[in-house]
Each structure stands twice: as structure tokens, then as C-alpha cells.
Amino acid sequence: MDLLIQNLISPVVLAFVLGLVARWIKSDLEIPSAIYQGMSVYLLFAIGLKGGVSLSESTLAELAAPAALTIVLGVLTPVSAFFLLRGFGRLSRIDAAATAAHYGSVSAVTFIAALEAVRLAGMPSNGYLTALLAVLEVPGIIVGLLLARQSRAGGVKAALHEVITGKSIFLMIGGLVIGALCGAAKVDSVAPFFITPFKGVLCIFLLELGMVAASRMSDIRKAGWRMIVLGCALPLLHGAVATAAAVGVGMASGGAAVFGAMVGSASYIAAPAAVRIALPQASPGIYLTLSLGVTFPFNLCVGIPLFLKLSEILTTLKS
Amino acid sequence: MKVPLTLVTIVIEGLLKDQLIQLLRRHGATGFTITRTEGAGSRGVRASDWEGPNLRFECIVSRESADPILEDVARTFFENYSVIGWLTEVSVVRGTKFTSGGG
Amino acid sequence: MKVPLTLVTIVIEGLLKDQLIQLLRRHGATGFTITRTEGAGSRGVRASDWEGPNLRFECIVSRESADPILEDVARTFFENYSVIGWLTEVSVVRGTKFTSGGG
Amino acid sequence: MKVPLTLVTIVIEGLLKDQLIQLLRRHGATGFTITRTEGAGSRGVRASDWEGPNLRFECIVSRESADPILEDVARTFFENYSVIGWLTEVSVVRGTKFTSGGG
Amino acid sequence: MDLLIQNLISPVVLAFVLGLVARWIKSDLEIPSAIYQGMSVYLLFAIGLKGGVSLSESTLAELAAPAALTIVLGVLTPVSAFFLLRGFGRLSRIDAAATAAHYGSVSAVTFIAALEAVRLAGMPSNGYLTALLAVLEVPGIIVGLLLARQSRAGGVKAALHEVITGKSIFLMIGGLVIGALCGAAKVDSVAPFFITPFKGVLCIFLLELGMVAASRMSDIRKAGWRMIVLGCALPLLHGAVATAAAVGVGMASGGAAVFGAMVGSASYIAAPAAVRIALPQASPGIYLTLSLGVTFPFNLCVGIPLFLKLSEILTTLKS
Amino acid sequence: MDLLIQNLISPVVLAFVLGLVARWIKSDLEIPSAIYQGMSVYLLFAIGLKGGVSLSESTLAELAAPAALTIVLGVLTPVSAFFLLRGFGRLSRIDAAATAAHYGSVSAVTFIAALEAVRLAGMPSNGYLTALLAVLEVPGIIVGLLLARQSRAGGVKAALHEVITGKSIFLMIGGLVIGALCGAAKVDSVAPFFITPFKGVLCIFLLELGMVAASRMSDIRKAGWRMIVLGCALPLLHGAVATAAAVGVGMASGGAAVFGAMVGSASYIAAPAAVRIALPQASPGIYLTLSLGVTFPFNLCVGIPLFLKLSEILTTLKS
């Protein structure tokens, strides 16, 4: 409980709440779209850069098991999401597949919030996590689209192109490669721009995300209670399994928690773009509302502290 | 010296930018002007803000090409995307630029 | 299949955004497109730059609704604010969207 | 009460902003609205991005002034710069503002 | 005199001058409006955040007297401004009231410039000043509008809504609450974005403000000499009274000077928006020219060093 | 060779390459134009500011010889470029003059990349270099325009106005004056915004520049091999002469290398704007392609390390 409150009272989470409030009281606050796009470029590139540096400091032996686990979960989570959304959620095949693609992919902001929570809790983490983040972005989307089984002529191919050349993943992988090539010493010269102010930029980004999420939340009622239940259950299920598996393959307690939050999260940047191209018949009103309106705030407030606790317990049990 | 032409205006999700450009080129458009816009409509569904705002395309074409362009846009995008388009009669000086493709 | 409709264009101080949206909705507009603009006119007075640039609204409506909208805009804003508006005849494919409010 | 006027639309490299404003003023334009745009045309040459994007000018003028403005723009800029322009017939409420220069 | 020059030769003031020069020599320099809006969001939120942290470190006892004084001056200054603008300034009731609302409210940039001057002069300040800044924004505007006695149906109510949900005050209060809840330790993680680079962002902001003020200054001649006299006299009067009162209630010498500059300043962000909605007949050519074209540069160059000197003298006399 | 690779593997150079790649694989990555303009304002002002501070720490005696050398080279380089472009390059008089104006002027980004390379190599530099950068911007453009001998009525005058009130030079000189007036102590308060994060902002700027250069490079084939040869030979010629002369007048080894890179570089910000106004008949397809598509990447990858080596050798020979 204390951990939960400790997690909630942080500039980043409160900025998200401030964004929600802005919409609720109908403030005329607006972040110009050019600024929002600029911040996105900054955040994705910076995440990649940081991941690249830690990648350059990791050995292949260290990486093998976590990377394999990431790919396995990237393939399994959209499948489990799909069947739950079809069965319990009563969605059409198309909508279930589209939404499953989101749960198969990952939310970078959730990842960062988890990293920060782990840092504050003083738990040990793993440097290569950002590399896993980049790995996890792609397979979930592909599997999701395949589950739809039907898509526009060339749709899956177009979507694959969209995913890989799409700016989100392009920037993150670009940053990753640059960080890995340059290493810590050289990235140091750009750290005062990409590393130290990162969390502050994230605050403003979450302010905007809060405003967007508020509009999404007003659609929740339309989605029905089954959707809300799934929006909370899916991250719990995926996150708990992932945390346990991560402890199993020997990740540090903090690292396993971050891994859990990451696998439990749903994409709202890369996946929507790819899905909109490949499955235009699917309803954004469903998949965006679930991923941004339900799962993201749920993870931010409840999921992350739970995975921290879970990982702590499992790590103690294991040793 | 003034030539009567048609201005095709299309408002479309930013995500579809490349697809629409290809469509216009296929119909022989010699150029176009794009503006970032924001909007509200009957659906208002968009992929995500990260894809950028809606885009407003303006394209000057000959009277005969205008209808097929708008028909093609309707066929390709109307069912699944937030798209609207309209035609305006305009007149242009040195209009040869837009019909023969010359500079 | 092409329907003759009217495009209402209004350039207005950013401050009045919400008020104008409400006015358009009252007149039954089914949507609108907003662009950030900069401009100069006979008055050029604005609250402050922090309120953002001028906004240019475009709204496709039926021929009959156009005049009342512009009249209402004139009545509500012309005296005290920097506002201008004009009407253009346009044609739209599948125009039912704008008159009956359907998708 | 509605007055028929002409809307002059000109898309021009950002570099030429001041020159075009002066040209419009010379022809007695009482105001104009500028939008940042991006575009492609037959030439697509621009000084550099630092000069900013293309600009789209809109200027409501009397029917008689429209042609001379566009002719002047063509004479001054067409040969060496990326510029295009067109005229649309529009109608304006309280149109005296644009012809006599009054507020 | 030395203090005056010391104050003028600073990056922030010179950036403002550079903006003036840019317009005078007709340079094509332009700050895109999206950047300007982005910087405003940043500055207002950062001011609030910093204020919130220091609020979390202040006791209620410490705060009571200064807060009461702030509210009293927030009500009195628009009244004195109104009568001087009506009497000496010969303005219509509407224009006098609209302008009075600006002098009742406050300019955040003047406030920050004063803080910086105090820091450079090595004078002791008070942490809770930013909280007072937020308090002072609102009452002056309300009183100003009431003084107009006539306003559009629902005008004052609409203006009140505009003031409170208006983005300027919303962001500052939002930052204040977040800062107060998180406290210094947690705000530290975002300090490299919101605190350390703050003054640099302010430079670019003042560059733009200089360009805007230059256009306003070209309207000064139209306003007449009576307006110019008032644009200098009002900040002197309000600022001197406020400085003296602040020393009286026991604020530190630097804090009292900042308080004086704050009360003496005229708003050009929150007030114009509210006034434009509630009193559309009032002429922005008058109130913006006075607040941004006269009073702001006057305070930046002359007012602030004077209040510093005054506060120094009064504090010595008192002790 | 090692120096060359050492130079290439840096965040700034790799960000440029990433921009090229983005266009080659047709990624939909885009930096909003408002952000690009905002970064330009930041970079130019920051360069000026830094230069101003070091100017305030230099003596006139120290400056005299380098400044004179700068002006001489600013006049000579466009002339040599003109004759090579006319003779070997077979350009028309107008196109040769327009392109010569670019080679007479200077690329600020090349300058900064050279500064960074010198810093990494641990070579001693000279503080006043940024002041020379500002000096070098102007004469080359004027000489280039005069070489065209023909230009629109008032063209050269308009171009001179454009160059001097143009935002690029206005911002850099503005920053220079502010930095010189304030000195190191006062600029310190804005250093966390203008100095420390500088190189990071440059990364994002180069990402965008890479995307622009990619479009330019696709025009290289049209330009023909003679152009490509000149695009590499001109910076080599100008840069080598300048490096030698700089060592001659007693600049530090690192400083001389930076000076060489600066003189060898071609402008793609200030010059294109001035040339487009004064010589509208000249083809941007030639001068932009050469300066941004050939010479800039050539200097970034090959020129800078060569000038470093050359300067090292010459300095050893001299002492």
C-alpha cells in the first residue's frame, strides 16, 4: 500500500493526472501538435540511446535468455489477449485481433515509469532492458495482424513495412544502434540533453497524454464493463507471468518487475498506426480506449507497484 | 490567359499522407499543397496523435480530372477512414502548368 | 452523386475557438476543420500571443444554413473582435453526410 | 447585404513573405491570412528549410482588383520562384470592409 | 546606479532588448507560434513546481501574514489604478476598468527577473513567494471587471471561468500542487529539465516578448503622454507600497523587493485573455500597450533595482 | 585512419547518417518545421553566446592577425571557387557566382563538428574562433554576388540587407554581443540551457539535416561528376590553405584545424537565402546540392580529420 502511494506521488504520474483534470474542468490548455511530435522524437531516440549504451556494456551470454523470453512472450501475449477478447470480451474477430496486437506490443512510457519506480525503491535492475523493449515492439503486432486472418490486399505486408520503417521503431532502433556504437564515453557529450532532462520532458508528455486519455475515458462507458475488466486483467495476467519468468531466467529483482510491466503494457504509439493501415475496419474506439484509457493508467497506478512487490517476493523465494 | 480549373480539397488522417499522394500522382496531378489541421467530424477516430494532425490537401487540376479523383478518394478511404473532400471552381493564370505538366 | 453545398470559411482570434464551435453546432454543422493562421487586417488587435494564433475554420454546410451561420457570426463577433468570414459554392461527393448528419 | 468578392490564394516560398505583403498592399488589399504549408510541385526548389515552410496567402479583394494582383504576382515571381495562385468567387457579409478599407 | 546597470546587463534583459532591435531593424527573425506556446507551458508549469516545493517547506504561521497582505493588495491595486486611469488618464470607464484588471494582476516574467536580481545582489529571499504569485493573479482581474460595472450577459461569470480554467493559471496552480505534494526530493528527478535550464528558456521567451513589445511600443505615441506617465507611475506607486508593507510584515529584504516588483507589475498573459472575453468593448490597444509596452520594460530596467534599494533601506531602518 | 573512424563514430555524425537512412528506407519520420526552426534559433544564438564569452576573455592584440586573415580568406575563397566552378565545373556565370557565394561563406555545423573533434583529440584551441565564424559569414556572400556582375535592380543591396538583418546572422551576432557584454560569470546562469545540452540538440538538428541532405543527394547524379569532384576539392583546397595560414599567424594547433574546416565549409543557411533574393535565376539545384549534399558530409567525414592531421604536422614543423 505504501509502495502504491509512493509510486503515485511522483511528478510524472501527477502530470498525467493534471492532464486528465485539464479536460474534466474544460480548461483551454493545449500542447501544440508540433511540440508533441517533437517530444515524441526526443523520447524515443533518448530511450534507444540509453538502451544502446547499456547494450554495449552487456555480454551476449547475459542477453541470450532474456531475449529469447521476450520473443516467446511477444508471440504468446497477443494470442492469449485475442482469445480472452473474443471469448470473455465478445469482440468480433477483427476487433479482437486489432486489440490483441496492442497488448502484444509495448508502451514505452509504462516501461520508463516502471524503471523509475524501481530506481526509487532501490531495487537492482538490468541494463539491457531497453534493448528488450525494442525487441518486444514488433512481434506482437505481426501476430495480432495474422490473427485477423483477413486483411486488405497486401495489408500485412504494408503493416510490416509500416511497423519497421514507422518512425517510432525507427527512432528507437536508430538510437539503440548509435548508443551501442558510441558507448558510454561518447554518449556522455550528449547526456545533458538526452539523459538528465529526460524525466522532465516525460512530465510534459504525460500532461498531454492525460488530456488524450481523458477523451478516451469518456468512451469507456460505451465499451461496456467487460472491456474494463479485460483492460485490467490482461496487464495483470501478462505482467505476472512475465515477472515470474524473468525471475526464473535470473534477471535482477528490479529488472524482472520492469520486464513484467513492459510485457503487461499495451502499445498506443506503434501499434495503432500499424493496425490502422492493415486492419482499417477495426474500431479505434475499442483498441485505443482500452490501451490508453484503461490499461495505461491501470499500470501506472496499480500494475507497476504490484509487479515490484511480486518480483521482490519471488526473488526472495528463489534465493 | 485565365484558365478555369478545379481545386480539389481533401482533409485526411496524417497516416494516409503517402497513400493520398500516390493516388493524386496516379491521376496526373502536377503538385499539391498540404496544411496541418485539426478537426471534428461525425467519427473523429484517428490512429494516434503521434501520427500527427489531420492534413488538408489542396490540388489544382483540370475540370475533367477532378471528379475521378474525388471518386477514387471516396472509394479508397471513405469506408474506413476519416476523410472528406470537396471541389471548387477556380481560375488560374498561366494554367498550362497544371494540365500539361509543364513548368 | 455530387451535391452542391456551401463552404463557410471564418478567420477568428484563437480565444474565441470554443464559442465559435458552439455557434456552428447550434446551426447543425456536422463537422469543421481548423487551421492555425497568422494574418493582418484593419484592426489586428488580439488578446495576447499566448492565446495562440488566429484560427481559420472551414465548415461544409447546406446552401440554406450558410447564410444564417455567417449572419450569426457577424452579429456575435464583428463588433468587438477580429473576425472575417466568407462563403464559397462547392460540390461534394456523397454529400448526405453534411445535411442529414449521417456518417 | 452579401457582396460578391474574389478570394485570391497564393502559395509562395517563405522567403518572399515580405515582398508579397508589399505587393498586396500596393494593390489596396485591406488584409490577408497566412498559413504555413508544405507542398510539392513541378520544381520544388526552395532556398532552405531554415527559411520556413511555404506560405499560403488568402486575400479577399474586389472582383476588379483580383486579376491585376495575380498578373502582378505572375510577372514578379513566376519566372524564378516556386509560386502558384488562383482565384475563387466568394460572397462576404458586410463586404464594405474589403472595398473601402473601413473597419 | 551601479545596481541599475548590474541589473540591465544580464542575458535575460539583453535578450528582451535583442527582440526589440530585431523589430526595429526589420529582421525576419520569427519564433514559430508552436514554440512560443510550448515555452509558455514550460515556464508556467516550472514556476508553479518550484513554488510548490518551497511551499512544502514553509509553515502555515510563516505564510499567514504575507498571504493576507497579497489578497489585500490584489484588491486595492486595481482600485487605485482605476481611479488614476479615469482621473489623470482620462480613459472611459470600460477602458479604465480593463486596464485596472491588468495592474491588479501580475506578470510572472517580472517576478522572475526580480528573483534573479535579488539572487545576484546576494539578498535573502522567501521561499513561498511563488505561491503568493499564484494567489495574486486572480483577485485583481475580478475586481477590475467589477469596476466596469457593465459587461456582457454572464460576462463576469464567463471571465471567472476563463481565469480559473484558463491555461496560464491552471498550469501554475497545477505545478504548485504537484511540487507541494512531491516535495524537494522527488522534484529533484525533474529538476534538470524544469529548474536548471529555466533561465535559458526565459531568454528565448524574452526574445519573442521583445518582438511583441516592439509592435506595442509603436502604438505608444497614439496613447498619449498621460498614458506613458501612468505606465511608469502605477508600478512605482504599487511597488513602493508593497515593498514597504512586505518589510512591515517581516519578509526578508530580498523577498520584500520581489514582492514589490510583483505587485507593481501588470499582467499581459492571464488578464488580457479574461478581459477580452468579459469586456470585449475595451481596447486592447490601450491595455496591452500599457502593460507590455510601457510597464514591463520599465519594471525590468528601473522598477526592480529601485525596489531592491528601497527594501534594503527600509530593512536597515527597521532593524 | 584511426582519427577518421574516431571522428565518424560520434552521436552527432551518426545522427546525420540516421537521417540519411530514414529517407533511403522511406521512413515516415518527420521533424515538424516549427521544431526545426526553433532548434535553429537555439543553435545560432547559443553559438553566438559562447563566442561572445570567449571574446570577452580575448585581448585585441591576440585577435588582430586571425581577424585580418579571416577577412582576406573570406574575399579570396569565393573568387577561387568562382574560377574553378566556371572553368573546371563548366557552370554559367550566374550559377558559378551563386555557388561561389556559398563557398565564401561558412557552415556553422561543420564548425561545431570540428570544435568537437579537436576537443576529443585533446588539441589546444582558441576561444575567439566563434567570433571569426560570424566575421566570415558575410564577405563571401557579397563577393559572390558581385562576381555575378548582373543581378536584379537593387539585388545586391537587397541581398546585403537580407544578409545582415537575416535571422541567421542576426541571432549569431546578437548572441555574440550579449555574451561579450555579460561575460562568463553572468552567462553561467543560462549555461544549463545554452551550453551543456547544446550537442544533444545538434544531434536532432543533424537528424533533420540528414533527411534534407538525402533529398539533395538524389540530385547529385544530375549534377555530374565534375560537380562532385569540385564539391570535394574546394573544401580541401580552401581548408588546407586556411589551416596552414592559421598555423602561420600563430593559432593553436586545434584552433588552426577548426579554422581550416570553417574556411573550407560551404554555407547552407545564410547564403542560400541571400542568393535566392539577389540571384533568383541561379539554380538552387546546383548550389544546395553541392554545399549540403556533397561538401557538408565530405567535411564531416573526411575534411575535419584531415585538417586536424595537417595542423598537427605543420605545428610540429613550425616549433
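Going by the order they are written in, the chains are A, B, C, D, E and F; count residues from 1 in each one.
Convention: contacts are C-beta pairs under 8 Å (C-beta built on N, C-alpha and C of every residue); 3 or more make two chains touch, one makes a residue touch a chain.
Just so you know, these numbers come straight off a predicted model, no measurement behind them.
Counting hops only between chains that touch, chain E reaches chain F in a minimum of 1. Seen from the Cα centre of chain E, the chain whose own Cα centre is farthest off is B. For this pair, chain A with chain E, the centres built from the Cα atoms lie 41 Å apart. Distance between chain C and chain E, defined via averaged C-alpha coordinates, is recorded as 35 Å. Between the Cα centres of chain C and chain F there is a gap of 47 Å. Contact of a single residue of chain D with at least two other chains is seen at positions 35-36, 38, 52, 88-89. Of all residues in chain A, those touching 2 or more other chains are 28, 30, 32-35, 37, 167, 192, 197, listed in ascending order. Within the complex formed with chain A, the residues of chain E that make contact are 32-35, 37-38, 41-42, 45, 49, 165-167, 170-171, 174, 177-178, 181-182, 186-187, 189-194, 197.
Interface residues of chain C facing chain D in the complex, by the touch rule stated above, are 9, 11, 35-43, 54, 56, 67, 70-71, 74, 78, 84-89.
Residues of chain A that touch chain B in their complex: 33-34, 36-37, 40, 167-168, 208, 212, 268-269, 272-273, 275-277, 280-281, 283-285, 288. Residues 13, 15, 36, 38, 45-53, 79-81 of chain C are the ones that touch chain E when the two sit in their complex. Against chain C, the residues of chain D that register as touching in their complex are 2, 5, 7, 21, 30-36, 60, 88-94, 97, 101-103.
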